[in-house]
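Each of the two complexes below includes subunit A, the first together with subunit B, the second together with subunit C.
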Partner chain A sequence: MFELRLNRPSSVQFSGAMASTAKDAQDLFSAMRSAYSKTPTRLKIIDVYVIYGLITALIQVVYMAMVGTFPFNAFLSGVLSCIGTSVLGVCLRIQVNPENKEFKDLSPERAFADFVLCNLVLHLVIMNFLG
Partner chain B sequence: MAEGGPLGLLVFATIFVLIGVLAFSIRLFSVIKYESIIHEFDPYFNYRVTQYLTKAGIYEFWNWFDDRTWYPLGRVIGGTVYPGLTLTAGTMWWVAQAINIPLSVETVCVFTAPVFSAFASWATFLLTKEVKGTGAGLTAAVLLAMVPSYISRSVAGSYDNEAVAIFALVLTFYLYVKTLNTGSLFYATLNSLAYFYMTCSWGGYTFIINLIPIHVLLCLVTGRYSSRLYIAFAPLVVLGTLLAALVPVVGFNAVMTSEHFAAFLVFVILHVVALERYIRRTLDEATYRMAFTVVVAIGTTGAVVLVGILIALVAASPTKGWSGRSLSLLDPTYASKYIPIIASVSEHQPPTWPSYFMDINILAFLAPAGIIACFRPLTDSSTFIILYMITSVYFSGVMVRLMLVLAPAACIVGGIALSAAFETLTRSIKYAPTAPPALLLPAEKEEASSSGATPGSSAATSSKEKAKEASTGKARETGKEKPAKRKQRKEKEATDKLIAGKEAPEEKLALLPVEASAVGIVLLIMLTSFYVVHCVWAAAEAYSAPSIVLTSRTEDGVHVFDDFREAYAWLNHNTHEDDKVASWWDYGYQTTAMANRTVIVDNNTWNNTHIATVGMAMSSPEKAAWDIYRSLDVKYVFVVFGGLVGYPSDDINKFLWMVRIGGGVFPHIKEPDYLRDGQYRIDSQATQTMLNSLMYKLSYYRFAEATMDGKGYDRVRRTEIGKKQFRLTHFEEVFTSHHWMVRIYKLKEQKNKVRGKIKRKSKASKSKASSTTKRSASKGRSQK
Partner chain C sequence: MASSSSSWTQTLLVFFFFALPMLCTSFNPDSPSDRRVLVLVDDLAIKSSHSTYLQSLTDRGYELDVKLATDPKLTLQSYGSYHYDALILFAPKVESLGGNLDAAAISDFVDSGHDLILAADETTSDTIREIASDCGVDFDEFEKAVVIDHVKYAITPLGDDHSLIAADNLIDSTVILGSQGIKEPILYRGLGHIVNPTSELGIKVLSASPSAYSGRVGAEITDLPNVSGASMALVSVVQARNNARIMISGSLELFSNQFFESSVQQSGSDDKFEKSGNQQFAVELTKWTLHERGHLKTSNVHHHKIGETNEPAMYRIADNARYSLGIQEWNGKDWQPYQADDVQLQFYMMSPYVLKTLSHDGKGLYFTEFQVPDVYGVFQFKVEYNRLGYTTLNLAKQIPVRPFRHDEYERFIPAAFPYYGASFSTMIAFFVFGIVFLYHK
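Moving on to the complex of A and B:
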């Protein structure tokens, strides 16, 4: 991002760039937050669920880095189950989002039923693979 | 299909069922011409495993350690076999037993392939319907039911992985395209389960898990990202990886080998793109642009770091993480340089140009037309088909065995092309306007004429339909009444009923003159009838041979060579159950399945050194070979010899691989020792090493006496043999089959050697005594 601000005098450039990018980052944050607050509550719940899954996956990876990979199948099934549920949560969000014109004739109940079915298969596999 | 009304639905259902029946019946030639037996080599192993499964149950099968092969190493069957085929056949057998239909395991195994080829044709219909519509679907299904390349690996009796795997492949692709078109998570789940079935069945599942990411990447790059793409791909990666890791053969390779990295890479890229789209939707333009620069800066540094780690990990392994077989696909010269075993398998050679015409016939030139038809219009699913076609053409050019993967792709695009051609021609006839052809070209005049003629159009269309019936009547008289042509006509009527539903937009498209269309239809029907004739011929003559029973035509009729089963039955009845039998690896599976004896090496070829040991033994002189076989506890050795009857696939012709593979591991076997002027010869010009090798001796022992003129003329090599009269010192012949095709030898007992040692010992003691006396004498003399 520093390379893009080429039209400033060089001596003040660095601190000026830092200040402007900090301000930009703050602007960005507030813009994101205000835009995000407009999303419906049920989508926000799904988002929280997805982020929870990802954080759990991250914790498992950090734990694996600390204690080693044995037993590897347990690690794989744990991480992939978290990532899998997050992915499925994102899929549910896509299908339930009223802004998505492609899915306007898909009832949210049907979307949720598909979500549950896919999660069922995922967790069956996980339990088998967990060893 | 509903547009045609109930009659259209009935016609469609009839065609659909008939396609399945056709696919099943065309593969029965081998049962009719020979008998209901298992063919070739690999199917015997699968048959043995299925027998074990049905007898011992699934838990025993899953944990089975087989000590009857690769003696003394054994083989973990549960962990090294793709269980899909055996579990499928085992389930079918169990279901039949449960409803009291007494089918033997052999019958179920023999007929598994035809049944699943019917399913594969139906799956091809479904896949092509998703891409282009019902007409193209039915055409593609008919083409796949008959295509010789698929028939060659799925005749009744060819009980191999591909019988089930092609069905699983097409089903997985169908469910992927269906998910892509509908965006339904239900189909995404089914897609993952179908991928699991494919992973269970065949090693070619890596094709799927690399093709789908390439397609997703193509969609992302060409700006076709949609949320349906995300739903189609992201759950597949996660669920698919987990399901693939469940199969013991794959295990942790699902996350550790390079064959799967494409999926993970595209998974990450897809998420990046999805996130970018989401942010662009929520933010306004200016803030989005700023966010873009921030993210790009952070993202590129993070990505560079990650990619650097990945490259370092991959570069650390000598094969860059790819398995030997995959590397030989990417670099066709790899196998011949480094892994002679992979290079020696005949199925792994590149195909010749004529084999394309033999195996996919008219599809070879219909395929480019189909690829062009896929571009109009270009949808996500048609890009997938184009990509599938191109990649499978490349891989089929590397290995003849992969022509099988090309077959469904060629049938799909060929079906699309044929269906589009038929549609254009029949539409031209159906909507040929009553006005002269000059009015056809300007679109607005055509609209005016068609709208003006609407009151009379019903009369016009009925007269045009009569003209069409006349042309089809012509076709009926010119051609022969083959079921395929009846089907083509029915399918044409079905497409016409489809067209009838959407009259108005069709009027705007260009039409060909009526006579040209009629001639075109006749020619297309003749083309497809040539295809049918070729496919039936290929199925009957070329691909039905069981290769364990050979036939030849003589003046008295058909002469049958059943030597292999004769030899295996002899082994089964005349040797002890624990005796070990050594031969070249080609016959390992058949020996364990039919003769029920422990073998040293078999077709699995997982241990190169063990095979090289047998190769070294076959290339060494008698004494050295006896020592090697003795160290492996071998009791019987057999060779396959075709010189008396002219059977070309015998062990002498395979001898060069024994030398090369043996020489690859044991450097004292040098190939030039066996060559004269760069060729392997067994006549008087052969080298001494060749004439002394065990393979030569075991093949030609007493051969000169057996031939009528005593000269020992080898019908395969077309010369007289070099050394005609010789005796075997360490082996004795115990069985030679009727046409001398299988010759079994027993290792002579060790007591000859021991007796010799005792003799030498006594000689040595005698000489010692004499030497001591001599010494004392000389001592005496020197002392003097």
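Moving on to the complex of A and C:
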């Protein structure tokens, strides 16, 4: 009796929790989407750019796992070019985000110039290491 | 034009390099029949008692100079050039050699590439023992000891004394003993010796039977004999590192007409031979000792990359190389192609990286092809050929091997195309992103 009474409400509670978790996740996503839609387009462009770099890197790692490490220098430069691009993109995003008070003294133009310079150096190295 | 003349000079130099050992040795490849042999005897009676043996040498074109070992005018050389190409010492009794000859002079004679035939008997003097000992052969020093065999002694018209033995324990080598093979037992009376175990160059040609021992005739054996059994050698040869050849026999009578002509029967055996094996044995072994057999030379040592003909100054790793050389054997009259399937080439740097057996075309041209290993450094092409009874071939040619140059690697590797693509796509993405980022709205 005692166990039954305990069990029944708990199973009810559990299925209720399942439903509420799914609903919570849904709420979370819709909240994130509505919050993200308020993000300035400029930052969204950077996000696309960063995600593009990460996906390209991932494809190369998968390719390397299938084909082997043979031209290892080419693999390293291919992957590092993507990772480096993404990291520099993230850095640019931090610096041009108006909500980030840490870089309020740094103009977006200056941030972009830094970004361009860093990319030039990165790609110079990549070109030399590629083959 | 310049390169062809320099390759000519190289060829000449290489020829001289390989011909140099030949020029230094007594053996003259062009006119081997002109060889001068000094025969030293105790007693000029040996001229007649050993005439068949000496005649066999004269018949093959040797100039014999028979002299008494005590002749005060004896000399092997004057002003640094030797008068003789080979020395036959049939003088076991001589205490001190005449002229300026002594054990050291005979060692020098051998060291400069000349051949020596030495025979002893039970009266052998210390001088002769010293000469043999210098060659790595030690006669039994027990006083008046001779080889005695109570089981395999010889039954001959000369008597059936147990110190006259019929030996048939021969080395199995056609190059040393000739291709016919010696079927008859060999009559032997004289000293036993041992080839110094530290000597790598001495070879026992005729060994005693397991029942033989070295002792005094008619005396009771009180002590263990110094030498006995099959470890006791009767006739042995030495081929020195300079390819000088030495034959040492404990029996001078082995070469005598009497022994050559005698019929022989080994005790315990029913086979009776009309003629002993002595003549064949002595003549064949002398042919070997005087370089009528088993003397090899190399020629046309050459290596090149496959697809080219010139000898490169350097190889690159992964090159395909071809090495070839000619090997000829002297047959007493002219040079014949040498045929063997066990000549090996080493591509050597501290240890052999490549070890290949050379193929040959049956005309004395040996060759092999191999890929240079993936290790760079200073290598050698090495041919080391040591076979029983043959002259030692020892060739080494230094050759450097270099790694790939920076521009010898493959430029575009198909497997790396996705990486190239990714790198360039990020650059384009950066360019497009820059424009979009700057100009949106």
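We adopt the following convention: the second predicted complex is superposed on the first by the 113 of 131 C-alpha atoms of A that agree within 3 Å, B and C clash if a C-alpha of one lies under 4 Å from a C-alpha of the other, contacts with A are read in each partner's own complex, and residues count from 1 in each chain.
In this text, a residue touches a chain if its C-beta (ideal position, glycine included) is under 8 Å from a C-beta of that chain, and two chains touch if they have at least 3 such contacts.
Since the structure is predicted, the reported quantities are computational estimates derived from the model, not experimental observations.
Novice: Is subunit A touched at more residues by subunit B or by subunit C?
Specialist: Of subunit B and subunit C, more residues of subunit A lie in contact with B.
Novice: Which partner does A:87 reach: the first (subunit B), the second (subunit C), both, or neither?
Specialist: Touch partner of A:87: subunit B, not subunit C.
Novice: Quick check on the superposed pair: does A:126 touch subunit B, subunit C, both, or neither? Answer first, second, both or neither.
Specialist: both
Novice: Could you look at A:103 and tell me whether it touches subunit B, subunit C, both or neither (first, second, both, neither)?
Specialist: The answer is first: A:103 touches subunit B but not subunit C.
Novice: Name the contact category of A:74: first (subunit B only), second (subunit C only), both, or neither.
Specialist: Touch status of A:74: second partner only.
Novice: Using the superposition on chain A described above, determine whether A:65 touches subunit B (first), subunit C (second), both, or neither.
Specialist: neither
Novice: Across the two complexes, find the residues of subunit A that touch subunit B and also touch subunit C.
Specialist: Common interface on subunit A, subunit B vs subunit C: 77, 126.
Novice: Help me check something: in the complex, which residues belonging to subunit A touch subunit B?
Specialist: Touch list, subunit A to subunit B: 1, 4, 21, 24-25, 27-28, 31-32, 35-36, 39, 72-73, 76-77, 80, 83-84, 87-88, 90-92, 94-95, 99-100, 102-103, 106, 111, 114-115, 117-118, 121-122, 125-126, 128-129.
Novice: What part of subunit B is in contact with subunit A in the complex they form?
Specialist: Going through subunit B, the ones touching subunit A are 183-186, 188-189, 192-193, 226-228, 230-231, 234-235, 238-239, 241-243, 245-246, 252, 255, 274, 279, 281-284, 287, 290-291, 293-294, 297.
Novice: For subunit A, which residues count as touching subunit C in their complex?
Specialist: Result: residues 41-42, 45-46, 49, 52-53, 56-57, 59-60, 63, 67-68, 70-71, 74-75, 77-79, 81-82, 85, 89, 112, 116, 119, 123, 126-127, 130-131 of subunit A touch subunit C.
Novice: Of all residues in subunit C, which touch subunit A in the complex?
Specialist: Residues 411-413, 415-416, 418-423, 425-427, 429-430, 433-434, 436-438, 440-441.
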